[in-house]
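The following pair of complexes shares a single chain, subunit A, combined with subunit B in the former and subunit C in the latter.
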Partner chain A sequence: MRILSPFIAVLALIAVALVAAQVPGGQALMGIILPYLAFALFLGGVVYRVVQWAKSPVPFRIPTTCGQANSLPWIKQNKIDCPSTKLGVIARMILEVALFRSLFRNTKAEMYEGPKLVYGSSKFLWLFALLFHYSFLVIVLRHMRLFMDPVPGFVAALEFGDGFLQIGSPVFYQTDALFLGAIAFLFLRRIFLANIRYISLPADYFPLLLIFGIALTGILMRTVFRVDVVAIKQLTHGLATFSPAIAGQIGSIFFIHIFLVCTLLIYFPYSKLMHMAGVFMSPTRNMINNSRMVRHINPWNDPNIKPHSYAAYEDEFREFMKESGIPVEKE
Partner chain B sequence: MYGKGRIIPALILFLGLMTAPMWFKSGDVSKLPKPEKPKDYTECVAPTQFMRTAHMQLLNEWRDDILREGGSRTGKTANGTEYVRSLQNGCMKCHSDKKKFCDDCHNYASVKPYCWDCHLQPKEAM
Partner chain C sequence: MAIMKADKLGISVATAPSMMTGAVPKNEWWDVPAEFTPGKYCYPAKPEIHEYHQKSLPKELGGQPRAWDPESDDWKLPENWKEIILQGLKERLDKFRSLKIFMDCCVRCGACADKCHFFLGTGDPKNMPVLRAELLRAVYRNDFTLGGKILGKMAGGREMSFEVLKEWFMYFYQCTECRRCSVFCPYGIDTAEITMMGRELLHLVGVNTNWILEPAANSNRTGNHMGLQPHTFKDNIIYLCDDIEEITGIRIEPTFNRKGAEVLFITPSADVFAEPGIYTAMGYLLLFHHIGLDYTFSTYASEGGNFGLFTNNEMMKKLNAKMYAEAKRLEVKWILGGECGHMWRVLHQYMDTMNGPADFLQVPTSPITGTVFENAASTKMVHISEFTADLIKHGKLKLDPKRNDHRVATYHDSCNPARAMGLLDEPRYVLQNVCNNFHEMPENTIRESTFCCGSGTGLNTDEIMELRMRAGLPRANAVKYVREKHEVNMLSCVCAIDRATLTSLMNYWNPDVEVCGVSELVGNALVMEGEKERETGLRFEPLAGMEG
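The block that comes next holds the complex of A and B.
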């Protein structure tokens, strides 16, 4: 089963971290060496993938046209969904990156008696994807309190707003609940919708399960298996300033958390998660649809091969064509 | 490589944002919090490591137990010493200096406990 192998993989990662946290030297390996390695691989991998993409030529205008193209003056153009100017493309990209506009157009197809095929709007994927990504962003930014000293004002403001309901002590963050809920939705939709399950691969389940594991260990660390935050900040702040040290007692749950995060960082550049950079690089979104206004020349055309029109072709071969009985335009 | 003019600045921006804690006011690592321990008392209500990690949960339990369930105000340590289960009359009796004891770690870890939303802050900290 395609869901079982990623599930076992995540459990195995947790088991490895749990064992390594007990072995002498294992804590330094997982708390210091692995984070540096993972972070370097993450940055290097993302840059490598982007450069590789940038090296591939896109000789044709291939934007997805999701609305009326620029046409005759009395036909109203859809300036964002079929942009013919740079400004239109910028608006399209901002809406796509910040609000996931293409997911907003998500539809579902259902078969009824008849047989009758019915298409309908389906906004849940858009809603939960938005919740997932923004919660993740808030959670990552909140973590900056462990990497910076003094802590920047916006991080403190985020923490205050996020813990606004003051549930428990330490306060429960609302984004944690939203985040878990959104991952659960994205995961369950791959299980319960037959057509989505059919196209889901281990590479789809693994990141969801891994991120779920990260979120869960993080929440457990805050609410159930308490850890010494000062000792952890000493380590993480040390990582950011290149003088890491493991001092005091840090619970195993922290090492599971950081091990899963490192796995995510290493896995990131080689997986579908690269849509983070890919969304900016996709020619179907970032190109201007102006192929009827501007002549685009294929960059690798051989300049020695001159354009050869049909008129010139006929001039060259007229006699042969006549001999073979092929009709010609000019006698 | 195509689109160098846009892609290279974008990559530099990405790397800059990702490594921000490494170059942006990352501070002094050796500057660790040193909460001042009370001089006259040697025993706390629970072992040090537990207090270090879970004191906030203990305070929350006390509040729920005493104010909502009508629990007892007095508790006993493992050694049998009696103490008052109260933030102001219990904890602050030994750890009398909020600035030197509470705030030292809380500021370091960017924690703003909401104890003082209701409780009066000790005078010297005001």
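The block that comes next holds the complex of A and C.
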């Protein structure tokens, strides 16, 4: 059920797009109105969520220290995994966001008779997660050629590099293959690893299937169902310049593609995909470990909470204290 | 409670069907109810303890002080308990960004799953940090997110129910807030935050445990967890001085509640009360005497530990506030803290924020070496390992590491000093200077990847002994490895809870390994001025090559 329902949902989205592409006005709805709407909802949604997070304060300084702290001058500090300066935190965050530093630490524990626990290196999740995200990024950047005129140099360079193997015509991009492979890995590990299957929810399968659908329709559009590239570019360029128009026979596959993309954009802010923004705001990673050096302020710290007073303590135990020779305030 | 013998439990852990041995439950996790049977839960707080806290705390603990039984189907909850929980969750989402982000960002990648010692030892899926958090997250999604409100179960939502509450009580008390999972999480999601919030919410409806609330009550009233009254606290330390005199021929006269001392020394009360902590305390006493430190103990602030950390923010703040209050009253210059794990989480990450600024104190400066502890410039509290390492580095201690030659030591990084402070190399430097035989455990089990003793956060109670032995298995297993490889016979650490719990753990899994605080080994090695020839260590154990 957990896999089936998101699978059906993606199929239903495809069916909706397929039907809508044939209905009068449907193409304009999906090609023009929906992209604007989805983009606005995406941007607005992400900003809204980030603002909602930011509204809650960070009452305590709680970095997870993953190395030696700043201590005595002759003890070598791990300035990145246990940063005591802003610069250290920036380095830590760059490693986290750009290279998935924490995931790189991953190990796999196995239990043997004895009992004996063994921790093996396990870098596949890290590798495929990295492939997935970077392929996605390259593909998104490559798509910029559809929205910009002239095509920026870095986009052209990216395209050239991505197709340098020169397989097929039009050229097949290597990132497309890596992307599909990475999605397949992330999907299949959820099915074949028993504990991962047990924790997976529809909300974990749905985005993977949706993104797989987007990638597949994109590739098919280039290689199998040849679509009118000129007409598409006219539309996308029109979208970017706020003068969109649909001309010629674009082909249904394009509308499925764009419909799924819009779905992803709308879905994004209200899903786990917000980890993209959340990783920047995680207090265990983005804080300096200097809480003994600099006082951190908690805006809701309650000054009315006082300790059980010394006076009350002495009142209760004064006789014992005197007998025992412990100094007291009141004789 | 009598539990299975180690060899039997060892077979069970490795072969009985569990997620660690490859078995997968037939039912989805939300359809597996929590079943409370003896040994699966900590006893609820005694009504009089619950009542005491309600009178002494400005923000009372919730629920009616009452006798209740986790095994029964009636926990005697307040009538509107669901409302209280949801309202409490809302308040905490507004107060803690960490909670909000950790509720929203998890992608269930599973990197945390096999990082938890409770999962490794029990194979219970809900001990995977991701599912522990999902217990709270599912309710959050149901009531606080758009998707959950519209799609409910399809969006992973779960309505708050008695069944859910039972799972919370079970699994938020099978987490020691050790933060190991947060090291491996790509978003730094820290289950300690989740568990802390979960426990706070449970307190709101009067679901609690005695092993946490009774020490907290004692600490509030008498100054320490053990409930030692001032004269008893003093007497205990005097007994330790008697033992020191017998062993070294030196008479030490510590002071108590003395105004104008340079340094206030605070350590967990277990150090002055119970084995093997008392040997650590003897180490402190010898060290301070050796360097002629002008310091005092306090009977009012005689507890370093803080079981408020395991209860709620308010109680943590209230209990901790005694330290600064006493430092101010005694007009000391700065505070020195003994060896304790969660105590140092509170001191390092919370104290200054909650109860500072400590502007009546001075930036800590070692009177012996002149070192200014810049890393404690605001909090004004220094860790004993930092202090000792600095003394050794400056050659201020006369040490004879041969006196520890009967020990082959390894070092257990306590969770909080490792992952909430970054105190890793100071105790190692001390160890390498006071003993000749030191070996590290495997790298996946030390430093930031260290494994918990399995009994932190107030779970060190006897009624859940089997759970504790299971949760401590990853640590015990790493000790066993160095025991076999290097004949390690002493597990050193800088945590009072560890000293107690690792002792039980070693007795169970590795019976020939003892447990000590780092300062005990320091005390053994210290060559005191005017001492007699030492024939035994601080435990009255014969020294290698000096057997009289």
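In this text, the second predicted complex is superposed on the first by the 296 of 331 C-alpha atoms of A that agree within 3 Å, B and C clash if a C-alpha of one lies under 4 Å from a C-alpha of the other, contacts with A are read in each partner's own complex, and residues count from 1 in each chain.
Going forward, contacts are C-beta pairs under 8 Å (C-beta built on N, C-alpha and C of every residue); 3 or more make two chains touch, one makes a residue touch a chain.
Because the structure is predicted, anything quoted here is derived from the model rather than measured.
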item	value
Subunit B versus subunit C as contact partner of A:23, first or second or both or neither	neither
First (subunit B), second (subunit C), both or neither touched by A:233	first
Subunit B versus subunit C as contact partner of A:98, first or second or both or neither	neither
Partner chain(s) touched by A:47 [first = subunit B, second = subunit C, both, neither]	first
Partner chain in contact with A:15 - subunit B first, subunit C second, else both or neither	neither
Of subunit B and subunit C, the chain that contacts the larger number of subunit A residues	C
Which superposed partner A:58 touches (first subunit B, second subunit C, both, neither)	both
Doubly contacted residues of subunit A, that is, touched by subunit B and again by subunit C	54-58
Contacting residues of subunit C [partner subunit A, same complex]	10-11, 13-15, 19-22, 24-25, 29, 56, 58-59, 93-102, 104-111, 113-115, 120, 123, 125, 128, 130-131, 134, 145-147, 154-156, 179, 182-190, 193, 220-223, 229-231, 234-235, 256-259, 299-300, 314, 317-319, 321-322, 325-326, 329, 347-350, 352-354, 356-357, 371, 374-379, 381, 386, 389-390, 393, 418-426, 429, 442, 444-445, 447-449, 473-474, 477
Subunit A residues touching subunit B - in the complex, by the definition given at the top	43, 46-47, 50-51, 54-58, 144-152, 155-156, 159-160, 166, 168-171, 226-230, 233-234, 237-238, 240-243, 248-249, 251, 277, 280
Complex contact set, residues of subunit B against subunit A	1-4, 7, 10-11, 14-15, 18-22, 24-29, 31-33, 49, 52-54, 56-57, 59-60, 105, 108-114
Subunit C-facing residues of subunit A, complex	5, 49, 52-62, 64-72, 74-76, 78, 81-82, 84, 96, 100, 102-103, 105-109, 111-117, 119, 125, 129, 193-204, 270-272, 274-275, 278-279, 281-285, 289-298, 300-302, 304-310, 313-314, 316-317, 320-321, 323-327
